[in-house]
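You will see two complexes here that share chain A, one where it goes with chain B and one where it goes with chain C.
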Partner chain A sequence: MFDFFFNLPVIVQGLIKGLAVICVIFPIAGVCSMAERKVAAWIQDRPGPNRAIVPWIAWIPFVGTFLQRLGLFHVMADGGKMLFKEDSLPGHVNKFYFIAAPILAMIPALTTVTVVPFGAYLSATGEVMPLALAPLDVGMLAVFAVASLGVYSLILAGWASNSKYPFLGSVRASAQLISYELSMTLSVIPVFLWINAPGREATLGFARAVEFQSQPGLWGGAWFGFLMPVSAFIFLVALFAETNRTPFDTIESEADLVGSFHTEYGAFKWGLFFVAEYSHMIVGSAVFVLLFFGGWNPLPWVPLATLVNWLGHFLPCAHAPLFVGVLSIAIFLLKTLFMIFFFMWVRWTVPRFRYDQVMKLGWQKLLPLSIANLLFYAVAIAFIQK
Partner chain B sequence: MAVLTLERKPLTFAERTYLPQIFGGLKTTFAHLVRKKQTLEYPEHRPAIPPGYRGVPTLVMDPNGREKCVSCQLCEFVCPPKAIRITPGEISPDAPNSHVEKAPQAFEIDMLRCIYCGLCQEVCPEEAIFLQNQFSMSGYTRAEMVHDKARLYELGGTLPDKHLKWDHKKAAAAHGNAH
Partner chain C sequence: MTQIMFNFLALLVVISAIGVVVAKNVVHGAMCLLLCLVGVAGLFVALDAYLLAFVLLLVYAGAVVALFLFIVMLLDNRGDQRPGVKHLPLYARLVALVLLLAGTASFLARAHLPSPALGAAPGVGASLKLYAYQLFTTYLLPVQVIGFLLLIAMLGVIVLSRKHEVAEDAP
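== the complex of A and B ==
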């Protein structure tokens, strides 16, 4: 099977890998919308959606009931509804851009996935090889560049909708995303300063960041989240703002802007915005995990290779690339999903900031903090790597 | 009245960062996440009805199966939204409870008008009408929402009766000392 795969033309291999990743991202985005409702319900002391069930699954004892209680089939019901309901096109909109906007929202959301490594396997010599669709050397730069294109779809949607609330929402979106992009970028520079130690080939890729967090020793094994808590904090706050999550979701604050840029959207086009938003969240969480929470390393000071060697005592197949790959992807996905849970958890904890508070926090608090943080680590790293 | 002047302390640095508050909030929400759910899953689980609850008005029978209503029409007169319509009727002389003399020929409560005030229950001298525990009342047509006598007795059932007033009266009459 492996030989057959590796004998295929490179383009076909790439297509298969890309489809495989999309086949994971899309259901996760769908399940996230369900998880959002479930977490919301649990935090509000409700059981949440738990009625929809497919008859022949209801016949399975225990498992069927469990899946029903989990609300898993509401995802399909919601998705099916969104597919089949009338896709209305208001008369006052600019039709071409109105339709183009949700499609444009999907492109950056799915493009950023390609450069994010999501697992690793051990090569024959015991080296940790990252798994990614496109393991670019400029990984972080590519994510920043492409992810910020996402705001264009919001601006386009707000403008093409030709009504005031979407327009206001998209203006807010552009201002907010620009404001927080700055602190976000500045907050990750210390990480890349540190991992680009003198004498090594320069890189902005994620693989090196994870490799750096899997070194032996007290300092090497510590995740960047512990070494640079301020960087991690700024990145996390900026990530909340960039993905329009509470407390920074002034962009789609339904109280004052109805539904913001997707006021005029419905059915599948609205669903595309939704999936794009969740994909941004997934990629953002993945980047956060890679940079600050050890990527596919199971625990701080316990890198993946150590775990695999330890498992090798019990399982003969522990060193097989397939096993290590699946294990690392599982660890990484678990961490990413925890981050997404954290997003939801925060959503029901912190109330939405006012728009002026968002701007004030971004420009007057986070930006100076991130600059000070950068200067501190630049000096510290210069001393460490002298 | 003494005026208490509260000193408003300036916020500490930790408070101004807003972070301890967020962590406290996260702790609170997480406690709720794992806590017992507070809502009922309605059609399967019903709430416990407290005593004295005023649900759908019903007509009741006494433990001997006699309909208690004597069609005095007090409830009809007291009913604020005029939801009750009673057609009084005679009890045939050869019936076992002929000494009661009167019973409703028809008894209708229009549940689209009823305001569940409970005045009918309060005013009834025979303890024949009760607002019982049923709280959900729905139908597809207006006609369905007008409860006739059969439906009212079906909803009401039999309630215990401490007095059995008419039986005592009959027994007293048989001993020749009717009042």
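== the complex of A and C ==
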């Protein structure tokens, strides 16, 4: 099977790998919408969606009821609804950009995935090799660059809708996304200053960040979330703002803007915005986990290699690349999904900011804080790595 | 494969660049500019200059064109038609033609880069360290001057907007 795969042309291999990653991201984004409602229900102490079920599964005695109460089939019902609903095109819109906007939302959301490593395997010499579609040297820069293109879908959707609320929403969106990009970029610089230690080749890739978090010793094994808590905090806050999540979802606030830029959208076009938002959340969480929460290392001070060696005492297959790969991907996905749960947790805990508060927080609090943080770590790292 | 990619991207860049100039709707023009920049970034990727490609996307496609679009939408919501080429007087068209011909002629006459030397030299835009080193040694003065210029522009904006606010509050 492996020989067959490696004998395929490089382009076909790349296509298969890319499709495989999209086949994971897309359903997760769909299931997240379900999880969002379930988490909301649990936090508000109510059952949540628990009715939809396929008839022949309802006939299975206990499992059927359990699945029904879990609300699992609402995902399919939702997907079916989006696909088969009438796809209305209002008469007053600019048709070309109206249709292009949801597609433009999907492209950056799914392109950023290519440079994010999502797992690792052990080479024959015991080195940890990262798994990624395109392990670039400039990984972080690539994510920032491509993710920043996401603002166009919001601007164009609001403009093409040709009505007041979407337009206001898209003006808010472009201002918010551009202002929080700044603190986000500044907040990760300490991490890359630290991992570009003297004598090493310069990189902005994620693999080195994880490698630095899996070294032996008290300082080496600590995740950057502990070493640079302020950076992690600023990055997380900016991530919430960049993905338009509560408390920063003034862009699509139902109360004052009627859903803002997607007010005029329905059916699958609306669904694409939705999936794009969750894809951004997934990639953002993945980047956060890689930079600040140890990537595919199971616990702080316990790197992946240690876990695999320990498992080797019980399992003969523990060192097989396939096993280590699946294990690391599972650890990484678990952490990323926890981050997404955290997004939902915050959404149902913290109320929404007013728009002027969002701007004030971004420019007057977060930006000076991130600059001070950068200066502090630049000086500290210069002394430590002298 | 590389050849196909290059041809496709080159065509995209040229067509969208022409689109920026001839588009009557300002929003179409901005979107063509965006497409053009993405195409140029693609060309950089094809040359293995990932750093330049992503810096181009981050700065120009991600922020500058977004601001253009933002301003265009704030100034006129409908993306009004701007006067087309037809409205230009004859002498302006003649001057433009002469400039175009002169530019093409000078390009054909002397803009041939020595290709073997280019192939041998390490690309400044390809390696992160080399790029940063050049920025802080050879090009230190221009970087500082541009930084100062941006600071002045920023201060200007702050001063102007402050004045406006006070004038509004006064009565």
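Just so we're on the same page, the second predicted complex is superposed on the first by the 382 of 386 C-alpha atoms of A that agree within 3 Å, B and C clash if a C-alpha of one lies under 4 Å from a C-alpha of the other, contacts with A are read in each partner's own complex, and residues count from 1 in each chain.
As a working rule, a contact is a pair of C-beta atoms (placed from the backbone, for glycine too) under 8 Å apart; a residue touches a chain by one contact, two chains touch by 3 or more.
All values derive from a computational prediction rather than experimental measurement.
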Which of chain B and chain C A:Ile178 touches, first, second, both or neither: second
Touched partner set for A:Val191, first chain B, second chain C, both or neither: neither
Broader residue contact with chain A after superposition on the shared chain, chain B or chain C: C
Which of chain B and chain C A:Tyr152 touches, first, second, both or neither: second
Touching residues (chain side chain B, partner chain A) in the complex: 22, 25-26, 28-30, 32-39, 41
Chain C residues within the chain A interface of the complex: 1, 27, 31, 34, 38, 50-51, 54-55, 57-58, 61-63, 66-67, 69-70, 73-74, 77, 79, 127-129, 132
List of chain A residues in touch with chain B within their complex: 39, 42-47, 50, 345-346, 348-350
Residue ranges of chain A touching chain C (in the complex, touch as defined): 11, 94, 97, 136-138, 141-142, 144-146, 148-149, 151-152, 155-156, 159, 167, 170-171, 174-175, 177-178, 181, 201-204
